[in-house]
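In what comes next, subunit A is part of two complexes: it sits with subunit B in the first one and with subunit C in the second one.
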Partner chain A sequence: METTNDSGLSRALSWNLMSFGFLVGYFVCTVLPVPVIWYYPVERSFELALKPHGLAADFYGRLLWSGLGAAAMAPVGILWKRFLSGDALKRWMLITAAWCAALLMLLFGLYIHKLVGRVPTPAPLPSGYVPR
Partner chain B sequence: MQPLFLDWASKPLLVIHAIASVILIGSISHLAWELTSAWRKARPARPSSGLWAKIAGLSYLVSFAVGLLLYPTFRYRTRGLYLDRYEPWASNLFDIKENLLGLALPLAVGLMVLAGRSRAHARGPLPGVVLSMALAVWLIVVVSVVAGLIVTNARGV
Partner chain C sequence: MSLASALLAVALAAIPSFDAIVGGVGARPRTESCRQMEQWLQENPTSPEVPRGLLWIARLRAMDGEAERGRPELERVLRDFAGTEWDLRATKELADLDVQERHWTAALAGYQKLADNPQQPWKQIGSLALLQVRPQRERYFLFEGLALALLLFGVARLALAARAGLTPWKPPTEILVGAPVIGMLLLAALAQPPAQAKAVQLLALGGAFLVWANGALLSGARWTLPRRILESVLGLAQAAALLYCAVVAAGLWDNLVHTMIVGVE
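Coming up: the complex of A and B.
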């Protein structure tokens, strides 16, 4: 029979696996040349592409990739926790939490390294532009 | 050029973003303090920790969602036309903050899901993981709020 403690641990295991999927999605679209959805604020349009053709934002696309990663790992967590209990459940909950922590630290470092010295390209000023 | 998405609402949205951030920093600080105190004294966390976790998670989601709505105006009018040209360090600082908060999203939502469950025991794997999550979210939120204030000081939406 599942105890209250086991129920908390199994929920944490599922959550860790979903978080890991989320972080893997973020990692993949950061380091690999995969197409992401770009949003063009001036044209008010979206495009699935490797590189944008103008001023665009890829944050929404990156979040979408990460959400897909989390969604892909959700059934894994639901199935896996059915086969674990007691010490094994405790051990795997801690192992998956450590995976998430390591990947999170790696991504923090990666983004700080990528962005700290970046030289951004400004958008061309429209004719008659008056800053508000 | 057609108007930017929600450009007309950017000022009120920025105020909502700021209010949600104030609620977030208060609730996550309460939660982190309570969980740290419970861990140090080897006692179960108080029932209010579940409420603080829910408030923190919800305010994180509201602040994040409003930030996403504001982003088109910020990306073109604030960053594209001004920050990238005159204050590139502020553009970079904003993008670091944005990614920190995006990456911490599962932690903040996870606190809502797990904090109530971790109160059954004084110490152990689950309270330890929840305490680590709360401290990580607290640190990220504090760094991001300070970064957001610095960027807004350089140029707001």
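Coming up: the complex of A and C.
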């Protein structure tokens, strides 16, 4: 029989696994050459591509990958917590929390490494632009 | 003219000239170029271009990532053209190949032969190569020693855990906590150039083994202050040794030194 404490731990385990899936999604689409949805703010359009052809933001595309990762892990959490209770549940809740913390640190390090040496280059001026 | 001699004349006419084979290397697969050159060498065994052709085949094989397949040609140049300029060229190529294959004694002997030659630039090439390859050999020996020490250390810890009545075959909490990071590192290695990928894979897998071995033994440890200090020092030493092994085994030592001196750019 599930206690109130177990119920809280079960929810925490599910959220941990969803967060873990979210972080894995973000990590995978950063380190592997997977197509991402790019938003072009000048043209106000979206495109699914490996690399953009102009000024574009990848944030929404990466967020979508992360969301897919979280969605994939949600059923895992729901199923897994059915088989755990008491100390085992508490142990796995802590371990999955550590997974999230470790992966978050890894992602921070990865993005610092990616951004620290970046020199932004301005996008070309639109054709027909006349300076005033 | 008999039929046989007519056929021979047709066959000889079908073999392109030396210059045509060398000049057309970009227009055909390298294996085909090698085949044509081998055929030319068979038909022209006394030509002065033979050593050039043999070296050319060895270089093409190296460009295809099959440098070892070019060894017979290089050895033939050494054997048949000893004491000539071609001998020195083949010696250099063979010594480079021996470095790749980690045949240190043979490589150093080859470079020493060049360094002993009074003729420039061979003397300089040999001397510079000796300066570079000797420390490379020492690094490799150190890597082998450290890798063996880490392996024995890990196995000894697992054995001690088993002797203490613990369960070393059961994944300790440390490995369960670190598993996703290890998995992500292995995943990230897939998109890296081969040398970097090898280094990351070695770090991830070697790290997993050491974490497992340490975790298996230390889960049942009685923690005192000296023990904490000792294990911290051992942990740092293992991490440093593993990093060194990964960098040397992947052939990234020179890149690392260059990056530290010149910077990332």
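We take it that the second predicted complex is superposed on the first by the 124 of 132 C-alpha atoms of A that agree within 3 Å, B and C clash if a C-alpha of one lies under 4 Å from a C-alpha of the other, contacts with A are read in each partner's own complex, and residues count from 1 in each chain.
The definition used in the following text is that a contact is a pair of C-beta atoms (placed from the backbone, for glycine too) under 8 Å apart; a residue touches a chain by one contact, two chains touch by 3 or more.
Bear in mind that the values here come from a model prediction, so they are computed numbers and not experimental data.
Three-chain overlay on subunit A, with subunit B and subunit C fitting side by side and no clash.
An angle of 130 degrees, to the nearest 10, separates subunit B from subunit C at the C-alpha centre of subunit A in the overlay. In the superposed model, A:Met93 lies in contact with subunit B only, and not with subunit C. Shared-chain residue A:Ser7: touches subunit B; no touch with subunit C. Of the two partner chains, neither subunit B nor subunit C is touched by A:Phe83.
Closest C-alpha contact of subunit B with subunit C, superposed model: 14 Å. For the contact definition in use here, the residues of subunit A common to its subunit B contact set and its subunit C contact set are 117. Considering their complex, residues 1-2, 4-5, 68, 71-73, 75-77, 79-85, 88, 91-92, 95-96, 98-100, 102-107, 110, 113-114, 117-118, 120-121, 124-126, 129, 132, 136 of subunit B touch subunit A. Considering their complex, residues 4-5, 7-9, 11-12, 15, 18-19, 22-23, 26, 39, 41-42, 44, 55, 57, 59-60, 62-63, 66, 70, 90, 93-94, 97, 100-101, 104, 107-108, 111-112, 115-123, 125-126, 129, 131-132 of subunit A touch subunit B.
Residues of subunit A that touch subunit C in their complex: 20, 24, 27-28, 31-33, 91, 95, 98-99, 102-103, 106, 117. Against subunit A, the residues of subunit C that register as touching in their complex are 173, 176-181, 184, 187-188, 190-191, 264-265.
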